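In what follows, structures are represented as structure tokens.
The two complexes that follow have chain A in common; it is paired with chain B in the first and with chain C in the second.
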Partner chain A sequence: MESDDDMHDANDLESVDEDFYSDVTGEVSDGGDAECDFEDDLSDESDEIVSRHQQNYTVLNETDIRQRQEEDISRVSAVLSILKIQACLLLRHFNWSVSKVHDEWFADEKNVRKDVGLLEKPVKMANTGEHKCGICFEVYPRNVVSAAACGHPFCSSCWKGYIGTSVSDGPGCLFLRCPDPSCNAAIGQDMINVLGSDEDQEKYAYYLLRSYIEDNRKTKWCPAPGCEFAVDFIFGCGSYDVSCNCSHIFCWNCTEEAHRPVDCGTVAKWILKNSAESENMNWLLANSKPCPRCKRPIEKNQGCMHITCTPPCKFEFCWLCLGPWSKHGERTGGFYACNRYEAAKQEGVYDESERRREIAKNSLERYTHYYERWATNQQSRQKAFADLRSMQSDKLEKLSDIQSQPVSMLRFIIDAMLQVIECRRVLKWTYAYGYYLPEHEHAKRQFFEYLQGEAEAGLERLHQCAEKELQVYLEAEGPIDEFNDFRSKLAGLTSVTRNYFENLVKALEHGLEDVGPNRQPTCTKTSSSTNTADKVKKAVKSRASGNGSRSAPATSSWDSHWMCEQCTFANPNSASACEMCEH
Partner chain B sequence: MTSSSAPSRKALSKIACNRLQKELVEWQVSPPAGFKHKITDNLQRWIIEFVGASGTLYAEETYQLQVDFPEHYPMEAPQVVFIPPAPLHPHIYSNGHICLDILYDSWSPAMTVSSICISILSMLSSSTEKQRPADNDRYIKNCRNGRSPKETRWWFHDDKV
Partner chain C sequence: MAGPSQASLLLQKQLKDLTKKPVDGFSAGLVDDSNVFEWGVTIIGPPDTLYEGGFFNAIMTFPPNYPNSPPTVRFTSEMWHPNVYPDGRVCISILHAPGDDPHGYELASERWTPVHTVESIVLSIISMLSSPNDESPANVEAAKEWRDSRDEFKKKVKRIVRKSQEIL
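After this line comes the complex of A and B, so read on.
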């Protein structure tokens, strides 16, 4: 693990933007603070970063799916020397596992045939005479009745009704058998296509295609609404994160939106908690807050947290804490950062009654802190998505005209925007991570908040550059000389932020294991910017001092309710089990 | 009485009428042994009386079945219940509802009233003890608003009868 091969990653991190990120690789330790040791900064993790993971999944569109299904059917049909229609029934029966079909078939063909309903010797109906339909009991000439391989005759209108009833019941129609109660002959797609209505044929084909994805252990549909891609996943190595061609990134394991660095269990817990809390409070994160100075409602329409009220007020403030933007520096623990809920609370920065207008429940305050930041990052992420789309659809060409640059030279803007989207996602989940980080692990918490603060600050800076600074060039009359400087700045920020976040994810996934409560302070790497290092030190110290008197969240204090320990849903006293999670 | 709480139904389709008339004729020619169709002019509801098979726990006991046919019979299963008092049986609830797969999930349009009757009789004949299902009280409570057994998600007790 301790190979030096990838150390250049860490070097990159310093060289691209020393001034800004040097504190990440620099040391924070004053030797006098025995409890807190921030020796293990993120660059130490970089040896684990594999430049690009080998992709362990394949995104499939409808054509790919049909083709794979067709190939599997042909293969089984060829190997077992059976009809394709029979191969299809077999595969469906064994959840589309070709190897399972082969194994079972060669182990006990007779039994498999019986289970699946494939007759060895088809029974032919007499070609002449009259046939009585087994459903309507009418007698018909030969050309009106049909039968499966078993030879049980039914008239075409009864077949149509039988198929229609089964198809309208759902995908169970893929297991359709002969209507005769004593017969289990399978009805395959060939018969559906001859005897079913057009609509039923279509539905059957649709179920058959869906089944190939849904009943197969290795494939899943992309969960994005309206997305029709599926993902074939190869178990074994690598993370569960899967990036669909529709640009949705999700966790293949739990199909929630991708959530590194937190694990699937934490996500499930967090989602349950969110629904419990929103039920509890019927509290929706307001999209509008009054301007802290002029009290007019402000609509947050940009992704970053730096808000400027409309003229004449023009007050600049932080969306999260409603504090003046000018104070967002050391006071909140870093550039532009505002995640210092505990510390800020200690320092009395928040006017509690004003800040928590709608939220009166003390017991939920800690959760609310994390949730609000989680949700705000989610919203910013969606906004960034929308921005990306409008950039790709027309702004990029406009910019290319104005700045006389080919669109291909503007790729760095798209890269920056994609990076913002990815970072918002990671940052969002760090709030769920923080929520579940045990209160008593002070050193870990402090280190975590430090890393998170840095990440947030870096992202805000990138976001601001990609959003606001770009505006100048978009609105310009003609080419501006500084555009090339802008390019290197934005590209540099993108790369530095990417590295930082990749390292952050690694560190959190390893549970910040390098931070133990009793580590001896070690220190030494010299920072290129003492200035920044001092800043961090101060910030860390101020947070550390806030620790001792941090108030634990109060337990439930509703008179008529009790709060579930697992999901915090407020249950009426009359309920003996939690109404939300049944705990 | 269950009969008063039967769900309101649409009239039989033409296909259903034809098929039921054929079944009725067939029944008159060769009814299942021990079963008697009480003649009414209502083709959509049959009342059937039968006597438990001799040599079984239900020998000489007489029971009544009420069979209601849906618009799209036989594509859809008929609703079959005992008119209380229902036989004491581990798969028969005191309100007359019967836990038998062919009446629900395993129904096939090639089945007939006659074949249902034979299945019910064989279900009774194979019983080794006269008792109600373990969840009888809970189930009856849930059915109080006149719920049809076809609305129940049946969990078939076992498959030996």
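After this line comes the complex of A and C, so read on.
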């Protein structure tokens, strides 16, 4: 239901965008080559948006999976005129790709048969007489002895043991071959079902089903804990975001939680950083100080207050006051205590806030800044999820009673909450994006922060309205007249917030190219249009162009540096590669 | 039935066969007559190899679910060979359970299967002595020497051959 709504809105929005963009291109058509590029890009963009909202995946439950597997096996079996059990082995070998099986088989059937272990001419065991088991060397009557297509005879208890060992070793049992070392014949599910124990048969069938999803390039299990749905994905169009029937939304490409507009690489980096960093960070904050010059965290592991930062910084400073060591000497208290520090502390210069401001320059503080916001949005999102559940299960009906409105008329509340949940997710990931956005790209940063700020403010208004203002109507004794006003307010906020976020997502997905160093926006269109999205865009554009046209002066020492992603060394803006690790 | 009884029956049978019809190149027996799961074998260094003339003792330990899982083989005599760990354990592909490698980097025919016997295992070890595989060495030092300074390697092997003769 959610995706349906999204689709309509996206289409609406898209037509709006096209109007807007065509206006832009109309006005700047005399501008030159750069604008022509611009136009091309935009037409690509709108195509992409159209395809993005067509659902390009299917959620499968166990029955669907079995059915599909069965269909594939039947198809291959029919086309190649082989037994189903052989078709199954073939498909398994080629990772369940029907076309691959066909290609390979018709290109070189002999070789495929050899690789997979399908014998061309099955060897029949003599139907009478006694047979010697190749494993235990006992002689058995015919009815106790079985063989694969190769005819190597083994007794049923040895088979059972052989199959049991292989199945308990895991999914490798799907590649089981005849026990004879010189023999390549494949053992299929038919043999397992005749000779294996009940438990092994069950496990084998389970591995076979899992293999259909896991080894197939086009399908994956939903990564949510306990979820048993799989997702079949069609490559080549649209985004990777997949919404499973269990309500988990994930990125098909990296199976992390959906993170559009941020790319998978950034997300992986961020998650790794969070897992690796959180404890390290606590330790660093507690035990280190940033070098006053290069901002790298320093641990004091010797007694002396005279600290020399490691090359290439080599800055010599006092651990206590963080001032340059050159200004220290006998007069300031020498090696063991810094009078400047003591004196200043007494004057109140080094109070807690001052210290925090010092530390704020620290790269780790920067990380905390983004991490806190990322985590808080995550929490808010979970809270909104819980609210939605309780609303759907119980409160909605109550509200319908109190306000004597049909439940279908209260749909706008659910819409608002779904919007909040979606926006929290996007907002959360924009903080990971922000963390990795290079410090020296001032225009992009400012544009990004502007968009993020607008979106966040909109979301806060919406969340506030959906959470707090709704309470009044939930707790009321009877119908309240203002309920209709509330409806239009909340619905309005929902659509405005959606537009804000669409803009944010689009801008980030295009790498904030509107304010890139190569493309200074030239258009500051001011025609009056009533569309909200339009207004936002223009506001953003005009502001961004203002920012982009002047080079932002360095307002703090941090602004004149950029931090290396790898070693966190603070490099001067003039350096193009990291001076520390050459990253 | 599968289980310990099958394993011990099978091992006893092989022991009987080997005592009746000894195979050239090695001799085998139980370390302790009450335990059929632990065998002592003496492998004679194969002729025309560096190990010629040596008598190398090894212990084969069978798991309770033999023959579905492979035994382990460990030289008790000193050994210097790329495919023998410094502690004496033998590393050859037929002693690897097929489950170790579900992706099949080693060919199925080279892995353990229940069809293998004491005889086929020892014959594999003898062939390992005559042609070391330095591509996936168990003893990296020995493999390096085998590849880079063959004379040094020969000298070391000669020494262990002499040592194995002294013990007799």
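By definition in this document, the second predicted complex is superposed on the first by the 381 of 583 C-alpha atoms of A that agree within 3 Å, B and C clash if a C-alpha of one lies under 4 Å from a C-alpha of the other, contacts with A are read in each partner's own complex, and residues count from 1 in each chain.
Note that a residue touches a chain if its C-beta (ideal position, glycine included) is under 8 Å from a C-beta of that chain, and two chains touch if they have at least 3 such contacts.
As the structure is a computational prediction, the values presented were derived from the model and not from experiment.
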| item | value |
| --- | --- |
| Chain B versus chain C as contact partner of A:66, first or second or both or neither | neither |
| Which superposed partner A:161 touches (first chain B, second chain C, both, neither) | both |
| Most chain A residues touched (candidates chain B, chain C) | C |
| Chain B versus chain C as contact partner of A:171, first or second or both or neither | second |
| Which of chain B and chain C A:248 touches, first, second, both or neither | neither |
| Contacts of A:137 with chain B and chain C, given as first, second, both or neither | both |
| Which superposed partner A:75 touches (first chain B, second chain C, both, neither) | neither |
| Touching partner for A:218 - first (chain B), second (chain C), both, neither | neither |
| Doubly contacted chain A residues - partners chain C and chain B | 134-137, 157-158, 161-162, 164-165, 179-181 |
| Residues of chain B that touch chain A when the two form their complex | 15, 18-19, 22-23, 26, 72, 74-76, 102, 108-111, 115 |
| Chain C contact footprint on chain A (complex, rising order) | 134-137, 157-158, 160-162, 164-166, 169-172, 175, 177, 179-184 |
| In the complex with chain B, residue positions of chain A that touch it | 134-138, 152, 154, 157-158, 161-162, 164-165, 179-181 |
| In the complex with chain A, residue positions of chain C that touch it | 1-2, 6, 9-10, 13, 65, 67-69, 94, 97-99, 101-102, 104, 108-111, 113-116 |
